[in-house]
Amino acid sequence: MAVRKVSAAHIASLAPREDFPILAQTIRGVPLVFLDSAASSQKPHEVIDAMSRYYETSHANVHRGAYFLSEQASASYENARITIAKFIHARSAKEIIYTRNTTEGLNLIAQTWGLQNIHSGDVILLTEMEHHSNIVPWQMLAQRSGAKLVYTPVTDEGRLDIEAYYRLVCEHAPKLISFSLMSNVLGVIPPAKEMIAAAHSAGAVVLCDGAQFTAHYPTDVRDLDCDFLAFSGHKMLGPTGIGVLYGKRALLEEMPPFLGGGDMIHEVHLQSFSTAELPWKFEAGTPAIAEVIGLEAAILYLQRLQMTRVAEHDHAITKYALNRLSELPWAHVIGPASAEDRGAAISFTIDGLHPHDAATLLDRDGIAVRAGHHCAQPLMERFNIPATARASGYVYTTSNEIDALIESLKKAHAVF
Amino acid sequence: MAIDDLYREYILEHYRSPHNKGDLLQPDKYAAYSNPLCGDRIQMGVQFQDGKVADVRFNGNGCAISQAAASILTDMMLGKTPEELRQISRDDILEMIGPDIGPARQKCALLSLDVLRKGILGEPEAEDEELD
Amino acid sequence: MAVRKVSAAHIASLAPREDFPILAQTIRGVPLVFLDSAASSQKPHEVIDAMSRYYETSHANVHRGAYFLSEQASASYENARITIAKFIHARSAKEIIYTRNTTEGLNLIAQTWGLQNIHSGDVILLTEMEHHSNIVPWQMLAQRSGAKLVYTPVTDEGRLDIEAYYRLVCEHAPKLISFSLMSNVLGVIPPAKEMIAAAHSAGAVVLCDGAQFTAHYPTDVRDLDCDFLAFSGHKMLGPTGIGVLYGKRALLEEMPPFLGGGDMIHEVHLQSFSTAELPWKFEAGTPAIAEVIGLEAAILYLQRLQMTRVAEHDHAITKYALNRLSELPWAHVIGPASAEDRGAAISFTIDGLHPHDAATLLDRDGIAVRAGHHCAQPLMERFNIPATARASGYVYTTSNEIDALIESLKKAHAVF
Amino acid sequence: MAIDDLYREYILEHYRSPHNKGDLLQPDKYAAYSNPLCGDRIQMGVQFQDGKVADVRFNGNGCAISQAAASILTDMMLGKTPEELRQISRDDILEMIGPDIGPARQKCALLSLDVLRKGILGEPEAEDEELD
């Protein structure tokens, strides 16, 4: 592979780096270069402060109180739902269900809609590039229901095999199709809108895993026309402990409840209960109130940055990083080499250097990348590799940080 | 002492001596709803004559706000056609109850209107405004 | 009822009130008197700051990273588990599973141990004083499994009918017994240790709802010998979004997983998976990392106060409040009139004044109490009341605040 | 340049030219474990003669730490009785690998010891120390 010269100019961070207190840290005496945003992003002051302020001035349990604090907390909790609904262009805030994370959202669908609608012999169509969170819940459902799991393959280039997808949709007429809007390993962004349209023609219900996508791209569930979408706050500048499940209202109305308990009920008698209206029907027990408020702050922050500019920035960083990695003949990107239709998660292997050793050596230079199977063991098997290293940037990432990564990789490679 | 805008004499009067409280033996329409938040429950029976509300009675247990609101609403209902009943808005009720009412108590104030709309008039669950 | 003179001396707060920023607030121009701790407690600076500091200095996703921040975050996350295990005297940190709240913990047992072990005709024994979160999951399980729900009645005094409990245990030999260690409505603390011993003799597995109890009393799961215990962080000075499920290791080992996804797996292939070791087997997806750290800070704070002193303080407040309420002939406590074996949740009704109106009128004086069914509709039906008002204190509560409650109640009663 | 204490020449040597790597055709004992975190997998076969380890081979893919640790451990195993094998401790391995090893990488270093203990020696899953 020829060594190309990189011509791209310096890329500054999109978000002011001083907004992110953690980025001022030094790690083992060197400045932190955080390139593990695909696992979890860092948080701006505004998000951290929104939660502290909430606890300092207006915490109380929601929904059940007729006093000032509780009414305030309830209003914040419900206003955030509207902010989130608008952020993904949902039709109504009733379509927004708070969860702990993407994983819980996917499991919720498997254990409610899935148990109700998936029967023995039915096909659930996934893809080979899914995260464990979009595989294991369906294996559990398949065990219970007798459904069959079919997977759309990934090409050697590291893209979804779209021809195969259309074929599998026709061949199996799956009851449910679930796939990630952006792979956390390959970075790939499949043509979701077309895939969803095809799925609907074949009568399938479509669930999208937005864990990676919603952090980086404008998301429009009405335009996509997906039936469900799950994502996590912590990957998009928000706090841990909060995620979102979007669902089309008509589907949500028909679904049985998920967890039972306080807040999700209308009436309870000793031997029977009736469920609350949407969205509360799916929110049992005291919710993650502060975290909802933190997530709203994160979304307002992203909206001020503008999601189209976030997408542009992350694309520029991705392109720059792919270019620079291509200078290293002993480094091999797992996933498309071009930045087209792929996001800011770049996995690679290094000749003679196990990803885990690479991560440890990079860490000595203050550079945080992830090494492992990235919760995508089937994809590792597909590429016949035990693991990859993965560098993933976000709104605070600069091209200087990519340069630091490349230099450190060179050093690490020289050791081995 | 007017302790505040909400519990003023007008409301307390309706609470202490509610109008139209009781049960109709043979209502043309009957419905009941409860507010799980506070355990309020309102049932309502309506008799129509010549297409107008000839008699209406409500019953149930509940807070002063929900009881006064039911008393006020049933007063408003008398003599109205279903078409006119449909015109009674949330704001009409909230205006009568008082401006100083928090969101949790609004549900109490609007419980009887819910019974009227969904139960008596059979209106479908209000679709929320679509978000822009 | 004769009006008794209260002789008790002034009771100061146990925790320094300045530790709780929210308590310095005024509500509608008057100082906040927060008497809704049974719904959710307020948080000391230390808890709020522990979470901010985490986000500002050491956030990264746990378990999967070989770099500094992730190792730090993972260590904090797992060290907190040890703190929690010690707090409730678990044998091992492996017996501590992080959940969102009590509700999720109870549902987890219903949907894993329950689905596996409860079959058609089996009896699940609950009590009439349970919170919806300890009723609805069992109704859902009963629907699926054909199990029968039986309830231990509550006496007119508002205590669990213990004779009836022993009888029901013998008569039905329940597979599972689940009850609350402290009622959030009646305040009652049933004789759990004896109840559990009897349950075990009859072959039942026992789940305890510790949502109220663990906040106020030293908790020793080894002494109690309960099989499972669920509780919530937010009721014990900790953040929202985090709860704990304790389980005896041997039981947890045998249980099928709850939610599927990242972190709870050992290996995943396209058509099968194996589960991770305890406790991670039950923790799918990115957990509530900051919230775990906040909960640990709360527990350390409580341990510095000492749980025996917390119990004493709350007992003194309860006794004082019960005494003062007994001065009001038109106020009726629902639950034992004596403070013996009852905790700091005091429900009452007022002649001619609906609880909801009472709460609104108290709120005008800055006093936060809860009014409603407190997620215990069957208990309301038992006492044939639509709702109660409930005042609940905690470590920051003073007898002056109870005095303010009484004065405001008198004013409210005079309006009606 | 000694880039750091962990990846020093001693470890890299064991990684580049591991001792006892390969497969035994007819092992008396055989076991395999994987570390799901990094995808490391170690399999190990052991032949005993006169109650002592006469031959041992490991195989598998993995990071330098896990491979070097397996190489070092298998060296230590040669000539030992099962009783003596049981004496090899986590600390023995960690000391050989280096002091500067973070918790995530400790798992890599200890993977082959896991195979020995649980797989070859059949020790039960270590009960954790009871908390006080």
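Think of it as A, B, C and D in the order they're written, each chain with its own count starting at 1.
Here, a residue touches a chain if its C-beta (ideal position, glycine included) is under 8 Å from a C-beta of that chain, and two chains touch if they have at least 3 such contacts.
Note that this is a predicted model, so its numbers are computed, not measured.
Looking at chain C and chain D, the chains that touch each of them are A.
Of the two chain pairs considered here, A-D and A-B, the higher C-beta contact count falls to A-D.
Relative to chain A, the most remote chain by averaged C-alpha coordinates is B. Chain B and chain C have CA centres that are 36 Å apart. Rounded to a whole number, the gap between the C-alpha centres of chain A and chain B is 46 angstrom. Centroids built from CA atoms put chain D at 76 Å from chain B. Listed for chain D are residues 36-38, 102, 105, each touching two or more other chains.
Shared contact sites, meaning residues of chain C that touch two or more other chains, fall at 64-66, 68, 70, 265, 267, 356, 360, 371-372, 377. Pairs of chains meeting the touch criterion: A-B, A-C, A-D, B-C, C-D. By the touch criterion given at the top, residues 354-357, 360-361, 364, 371-373, 377, 380, 385-387, 411-412, 415-416 of chain A touch chain D in their complex.
Interface residues of chain B facing chain C in the complex, by the touch rule stated above, are 1, 3-4, 6-7, 12, 15, 36-41, 61-65, 102, 105, 108.
Within the complex, the chain C residues that touch chain D are 63-66, 68, 70-71, 74-75, 82, 85-86, 89-94, 265-267, 276.
Residues of chain D that touch chain C in their complex: 34, 36-38, 102-105, 128, 130-132. Of all residues in chain C, only 21-22, 25, 27-28, 32, 34, 36, 39-40, 42-43, 47-49, 51-52, 55-61, 64-70, 100-104, 106-107, 110-111, 128, 131-137, 139-140, 149, 151, 232, 234, 239-243, 257, 259-265, 267-273, 284-291, 356, 359-360, 362-363, 366-372, 374-375, 377-378, 381 touch chain A in the complex they form.
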